[in-house]
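After this come two complexes, each holding chain A, first together with chain B and then together with chain C.
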Partner chain A sequence: MVTPLKAEHISKSYGSEQVLDDLHLQLYSGETLSILGRSGCGKTTLLKILAGLEPADQGKVLVNDIDIQSLSPQAREVVYLYQEALLFPHLNVFENIAFGLRLRNRSEEEIKEHTLTMIDRLGLNGMNEKMPHQLSGGQQQRVSFGRALITNPSVLLLDEPFGSLDADTRSNMQQFFKNIAKQFDITAIFVTHNVKEAMLMGNRIATLANGSLSVFDSIDAFINSSNNVVQEEIAFWESVQARRSN
Partner chain B sequence: MISTGRARTFWVKVLIITLLFPVAYLLMLSLATQWIFPSVLPASLTLDRWSTLLGASNLFGSLLLSLGIALSVATISTFAGFFSSKHLAYHPQRSLWIRLSYFPFVLSPVIYAAVLYFYFIKLDLAGSFVGVILGQLLIAYPYSVILFSGFWSERIQQIEKLTQTLGGSRWQIYRRVLLPMAQGLLLVCFFQTFLISWFEYGLTTIIGVGKVQTLTLKVFQYINEANFYNAALASSLLVLPPIILLFFNRKYLFRQRW
Partner chain C sequence: MRISEQKLFNNKAEGIGILLFLVLAVLPLVLGIIYALLYSLGVIGLVSDGFTFAYWQRALSDAEFWLSIGYTFYIALATIGLTIILSLFLSLYFRKELRHGLPGFAIYVPLAFPAIVVAFLFFQLLSQSGLFARIAFQLRLIADSSVFPELVNDPFGIGIIGAHTFMATPFFTLYFMNLYRQANLKEFRQVAESLGASAFEQLRRIVVPVLLKRAFPTLTLYTIFVMGSYEIPLILGRQTPQMMSVLVIRKLRRFSLSTIPEAYITAIVFIAIIIALLTVLFKSKNFSYDLDR
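And now, the complex of A and B:
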């Protein structure tokens, strides 16, 4: 069975600061791996190395069992999505979603058919002609997902994609992502510093601290592990509960 | 409400007349056979001066020369400024490079040209068409770099990287993302650098050594000779291209963008 993404012995340092230290990572087909870590722990650096946007000091990255270390970002079939939707401001919804197909010089009929289907599946019907500044934050994120998914990437790298949304929209988008992940059989890494979001979005969870990645085989394994942020979260809610009882 | 609307219309008309009057006056002076004080209007109008001057004093040649220089300077400085400002903007020494871009303006173009004149002679560029273009680029190019330096932000860099992972090559990123996003700024830069070159006098006089007779130089020549009618004709030719450029590009220059 083909492994969508595998990273071996990844190390990266900036000057004397070791950000990633001999890191290993494997992603199974159709799963979302949540990576949890504090700000500045190297989550973004890891994603950028996987996407080819930043070089690793050592190690290799394999996509579908092929070593892609020497490939440019456009040839990797790994799409990196930022916290912001970053839609192209000069293109409407249809053209934003169709963008990846135009880069690949697909025929007009194919572009139209695929894009309209994607718009329908994203629940954005009737918005084809709208410009990005006319959309809400949540709608912009939907378009951003559509623009990535239409290229049929092997792996999606999501760098706190809902970080700039308000609580309600964030909750809706989390549910939306769960649905499309199932619908499109997405293999993804979801980076966040929010424990609840990590547990909600991931099939498995990993924590990144001091340059090392600890991957837990299941959500239960993560919850039951000692010395992690879940324990802090549980302790917090227990203290709230205790205060209310008193 | 009505009186406020009428007052506004009145002042708009006054403003338009004020702006158009100098152009109309120049045009009429260039067509006048004789216009002596205290006559409000010229005695008669003629096209003779236009037809004679365009042929005899090579004013048409100066017009073409000025157009050639201004279009070259505007095109080269706009595109060179766009591409090189990107490298400057993301350079670790960004602020130093941007500060250096202000150097020609701090020094004043005429002094700048006088300082560099030695090198133009050595390179056999003084008094040549290419020399004047190069000289004017020393002013227009830094202007373009300064104008575009605000465009290259962290957000643009992120969009560029995202486009790469979507499958975009370097050329596709420029063609489909960066150039369309900078379209408004590119047009403003082209227009501004065209004007810088078109009305440039001091630097062109020094580097051109009087051999490169642009239209602006001709206007000053006629004014020095106290030849008002010819100066008016040359000035009419001088203001025409920028007005035409502004008229045809107004919808792009003043359009509201995203």
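And now, the complex of A and C:
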């Protein structure tokens, strides 16, 4: 069976600082792997290497069992989503979402049909002509998702995509992602520094620290691990519970 | 209930500033236009013979007048077109080199040249008795300096376009380089690449459209500046066709006083074209939006 994404022996350093050290990773079809790590631990570097946007010093990334560096950008089928929506400022909602289809020279009819269907699924009806600066943060992120999903990529790499949103919008967008992940059978890596978000979004969880990646087979395995972050979170909520009981 | 009173100015200093601008900059301009209009209608001036449309009829039926308008647009658009191509090329392919060292210094040098100096420089280099013609003669590439192609005072305005492009290219190269940084284009390119865009597609679909859209107001204003330039077309242009600015001065300084109203008419038409152009552009949402940014 083909593996959507596999990374072997990935190492990367900037000067004397070793950011990633002999890292291994395998993603199964239809799952979301949450990667948890503090700011500056190398999460973004890892995602950019996995997306083929940055070269690793060592190791290789396989997409559907093919080395990503040997593939043209169009054939990689790995889409990287930033923390900011980064919608192209000169294109309206329709054209932003249709971008990937235009690159693939699809017919005008096909582009129209696919894009309007996607706009409908994203709950953005009536906003086709709006420019990015006319949208709210949540709407921009939806368009960004639509733009990524329309080409039906093998893997989505999400780099703290809801980090810049307020709590309510963030919660809505988390639910939105869960829904579309199910609807489109998405295989994804979801990077965050928020434990709750990592548990909510992922089927499995991994932690990145000191250049090493530890992958847990299930959410339960992660909770039961000796990971300090989880224990801190549990201790906090237990103290809240205890205070309420008193 | 408190009703806030809408004020014309935010404070006294702003009011004085706007008043000074109106008195020192706008009023002389308006008075000048009114004077020119009255002169062109025969109401005032040395050749005044009472109100008449005769000067307007004569000016508008003169082929040289229309040729001059067309020539002015041609020079301005050719200059800005060439400038865009060269500046984009330099700012996109030599971005790193132009930030440091000698290239980084050299790009600023043409910005320090006054227009008249550039005009003379181009004349000395490109005329049939200029440096390039002499070098070509010494290298036996041409048998006589008169065989050297006409690059200044030529009918196609090659010298004028070249001189203007020489002045504008460094400015727009630096401008595009700054816009590239400000507009987050490095990240947009990565997004586009991640979505499947090749390097060429990133330039074609993202970088160039974003840069041109953001630079559109400045490009428009520079085009208007080129249309109104004087020294360069005076020195590097020929008798006919002439750019409107040169034509106006020539008609004003002719021995015959009867061409003075025509000079004013040319100037009024030029101003009207510019104002119409700016009105259309300022009404465009994109233009105003980009100015705000």
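Note that the second predicted complex is superposed on the first by the 234 of 246 C-alpha atoms of A that agree within 3 Å, B and C clash if a C-alpha of one lies under 4 Å from a C-alpha of the other, contacts with A are read in each partner's own complex, and residues count from 1 in each chain.
The rule is short, and it goes like this: contacts are C-beta pairs under 8 Å (C-beta built on N, C-alpha and C of every residue); 3 or more make two chains touch, one makes a residue touch a chain.
Bear in mind that the values here come from a model prediction, so they are computed numbers and not experimental data.
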Superposed partners chain B and chain C on chain A - clash or fit: clash
A:T151 touches, of chain B and chain C: first, second, both or neither? both
Touched partner set for A:F94, first chain B, second chain C, both or neither: neither
First, second, both or neither for A:F216, with chain B first and chain C second: neither
Contacts of A:P132 with chain B and chain C, given as first, second, both or neither: first
Contacts on chain A seen with chain B and repeated with chain C across the two complexes: 51, 53, 72-74, 76, 78-80, 82, 86, 88-90, 99-100, 102-104, 133, 147-148, 151
Interface residues, chain A side, partner chain B - complex: 51-53, 72-74, 76, 78-82, 84, 86, 88-90, 99-100, 102-104, 131-133, 147-148, 151
Chain A contact footprint on chain B (complex, rising order): 155, 158-159, 161-162, 164-169, 172, 176-177, 180-181, 183, 257-258
Footprint of chain A on chain C - complex, ascending: 183-184, 187-188, 190-198, 201, 205-206, 209-210, 213, 289
Of all residues in chain A, those that touch chain C in their complex: 48, 51, 53, 72-74, 76, 78-80, 82, 86, 88-90, 99-100, 102-104, 133, 147-148, 151
